[in-house]
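Order of writing sets the chain letters: A, B, C, D, E, F, G and H. Residues in each chain are counted from 1.
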């Protein structure tokens, strides 16, 4: 059976950020399908991907983009599957444009938006896993273990 | 069986916004459990709620708050269930503070953030339904119908 | 022969703003074709419209939208015809989100962006007319007259 | 016959950005005339250039400037030819000042504004070509080929 | 002999703000010459005014404008007389665009910028008076009296 | 007897900033107890710390965090002891998110917020000392001496 | 004996906001001394007040101001007593200017800054009380009771 | 006779910026008196300087500061001489805090504010010279020559 989580991004340059989503999903034993799908340069690919996402068996789509970031919202317009958006940090405006372009969706077409940059990509992976975990006890257990391990790793005092 | 979606908010004044989440869930035939849980005024209630959310059978928590909006992120720190955040529009800064306080979570504790204000509350309801719909064909069908009806309602030409 | 300028907007509520584009084009004797095309609620209509725009004889497309405003950029992704974008003033963020969502397009897919709100809509009409005027002496003359009349209407001293 | 596209900028330091406009026009086989015209240091040169632009045969003017960027708007005030503005990224405010100074023109004097920085300069070149392409089949074909080539170059998967 | 202070503004609608400059100058017994000079709609009038300002005997020019506010900076480019700028509060962005368009001038062409709105207009009048006061003992005395009276009017305790 | 000032921070990476608070307290002869307490990763530790802070003898708590910085506000929700907040400079938004997340607390739960980054951490230490100094003449004297020495160190003229 | 808390503000118009500080102190049985002290219009009064504050027996000073809000920081420069700052909501920029002018103090001169507007004023009163409560068991008890009562008043469910 | 222009700054670190003001005045043959005067660390020195400025023969005061930049406004509160403010670029907020702290002065106490950073410092020097030039023909001539030389130095075409 195929991956339940798709990770898409607008360009190769977004991969440095979005790899964090793939990595944390991998740590949690959740398979992901990673693709470049550009809303602006490959709109047909985007249409085909988004319209076929439900039939392809995806249960969550993670979409990352920067600047006038239209990819997450457009995918959300084309499928009823949950879409999570990652604002990639942009050069001039540090991701403020990316964030607003993704999060300020009109009523009717939601994108669950995470933080700007790598923290957001990691968290998109974690939130996707949490969504799957509602119906996958093994993922749920690994997610809870992952969280517990991170909590346990916090030292009592700073060093240095 | 109880509701699978919890809607929590920091104060009575947030209800004007958050009612949009409850309403759209109701339209989709999804039961929700609505509560006031203030991170700042009732931290113990928040802890008890969040820590007990999984056992209570919730599969998604929608949390709305304004200003230094800590409720969504703190609930996400206390449960592994998916948390969606709604930035309530604040008086002085129009929700810019609410948005940043909710969306800029550090790696490890995700909050899927929606738009500022009522559009965000409606979309939190829709995204919660989409999450449930992965394993509930009836909700999935109603969600797709709801979306199709909204698309069909868009007229070809503006009037007036 | 059909209109050379298309005016599209994301929803009926944008018409209060976008009517300014239609009005100024009408003053200049330039026909426009006005439609509601929502990137998020009617993505298929948007695809069909944008992909058919060149064959339909349009030489300029004016697109207005607010919030996470994806309409101008997505149309620009789907046609090689010049696209002008109007950021509609949004409720919470006064159009700052609309502006950044429209103007911050990545290299390769341009949207000529005008000011937030009605001034921007009027100017989109004027810029469309200026583009047509390069090859339409009558439009060029009316545009120059319109500008001259406005200049002449500026009084020497404020009153009141 | 002379160039139909003029590229002007406020200072030598803007050339690093504006060269992107000249380069993409060159790739599309569109001649451009590149000049330094400072609104603040050479206002007379700006007046002469802008007032003579129509008679010089220009059909589009691309103007780039940073900070309190008055060049695009002032040229637009002095000619009825279409003016495209490029906000050059400024030191302290990363081009936020440049963007607002260019895009927020009052009703009556439009500037079609592109993104901050090099992406905006490239897109100004592309939009100028799109405007010419309405009446130049060769440019239109090269523009469509350029776009198709860019779309084709998007790989299916990220690497690295 | 004519007025030493000119007050210019981009449009009639700016007068509600700029009247505060004229009023405070009047209170201080300083004559002002008030005009509408639009950078965008009447660029020739602006050129003539600014280039003739020194010969006309002006010692300070106060210029107010809103949005992409080019008037103060362009006048400063065209005369060596001190120019003070007043950012008029704009509709969508509350004068943030006006402020940045006026204050962020490049090295070489200064505009002494005051606060957004009426406070800024009043202060432009006061600063103009202070400049004249360096060589006009009567104005200096009235300015000092005006300031002393305002200080004396501050009550010890709030009421109500 | 134990320290009267606690310094807590969300992660090891905040220590580079928060060490400034510890250092200035040390210069003033005020003992501090430094800990890592993460609102998001160790919410239970935070609860225990904050609820026990009064009994532990703390009279001031300094809390530093970045991004969606919930630590200062949550501690303030859990104890009646004065809480001072330090917004740590974040990567994408330079601490603007940290600042708003800390300072914009709702009525009822105050956090005395200092500047973004190291200056804020130093000032949190100084403000904590000033609070103690109300009832500790030795600290008061050292604080006044520290301030006087800094004033005396300001040279009359810049060098270089 | 005199009040231990001084509340100062820049003008009568700030009283609508600052009254919230006085009111909550009154509820907590803490006397306050309320004055208008303008940094800009009555700098001598400000110097005298701030330099005499310690000898007058004040243990906390609450200072509110709007726009270029210099009062809290200047008082903090003139006394070693703890100073709390309240950014009054300004007309054009909604208190963003007030907030930055108060909170971004350089290392050496702290101002504990509260939220913009009335919430901030209430919280300044509460934080002042918390500071006094360290050495005043009665105030401490009333403060804890006040907080407990507010927590108890939070209903379980929203109404309406 | 002494200098007519004073240049003051809040700290040694501001000198890198403020030296641009001194340099351009030097180029124009205008003597300046340069001092460190900190509003926060040396408030008494600031009072003495500002109150004595008129008697010392100064006709313009240039004041530069960063962050919560109170120096220009406080000097303007203490003297009726024209004050020009230079917002020094700050670390976290790139001078946005400096700019708002300086420019947003309340009605009654003007500060003529220049751009953030070195451009602003240069322009403060030029504006000071322009103020003196009203009554000093030699300075006026040198200022006009300086401006003419800069205009003449603008090449027709960019190089490289």
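Structure notes:
Quick note on the criterion: a residue touches a chain if its C-beta (ideal position, glycine included) is under 8 Å from a C-beta of that chain, and two chains touch if they have at least 3 such contacts.
Given the structure is predicted, the values throughout are model-derived calculations rather than measurements.
Contact tally for A-D versus D-E: the pair with more C-beta pairs in contact is D-E.
Taking each chain's centre as the mean of its C-alpha atoms, subunit D lies 49 Å from subunit F. Between subunit C and subunit E the centroid-to-centroid distance comes to 35 Å (mean Cα coordinates, whole Å). With each centre defined as the average position of its C-alpha atoms, the distance from subunit B to subunit D rounds to 43 Å. For subunit A, the set of residues that touch two or more other chains comprises 11, 41, 67-68, 93-94, 96, 103-106, 108-109, 115-116, 119, 150. Pairs of chains meeting the touch criterion are A-B, A-C, A-D, A-F, B-C, B-F, B-G, C-D, C-E, D-E, D-H, E-G, E-H, F-G, F-H, G-H. Residues of subunit F touching subunit G in their complex: 20, 59, 80-82, 84, 99, 103-116, 118-119, 122-124, 126-127, 130-131, 133-135, 140, 143-144, 147, 150. By the touch rule above, subunit D contacts subunit A in their complex via residues 89, 94-96, 115-117, 119, 150-151, 154-160.
Listed in rising order, the residues of subunit A touching subunit D in the complex are 9, 11-12, 14-15, 18-19, 34-36, 38, 41-42, 45, 67-68, 91-94.
Residues 10-11, 39-41, 43, 47, 66-68, 70, 73-74, 76-78, 90, 93, 96-97, 100-106, 108-109 of subunit H are the ones touching subunit G in the complex.
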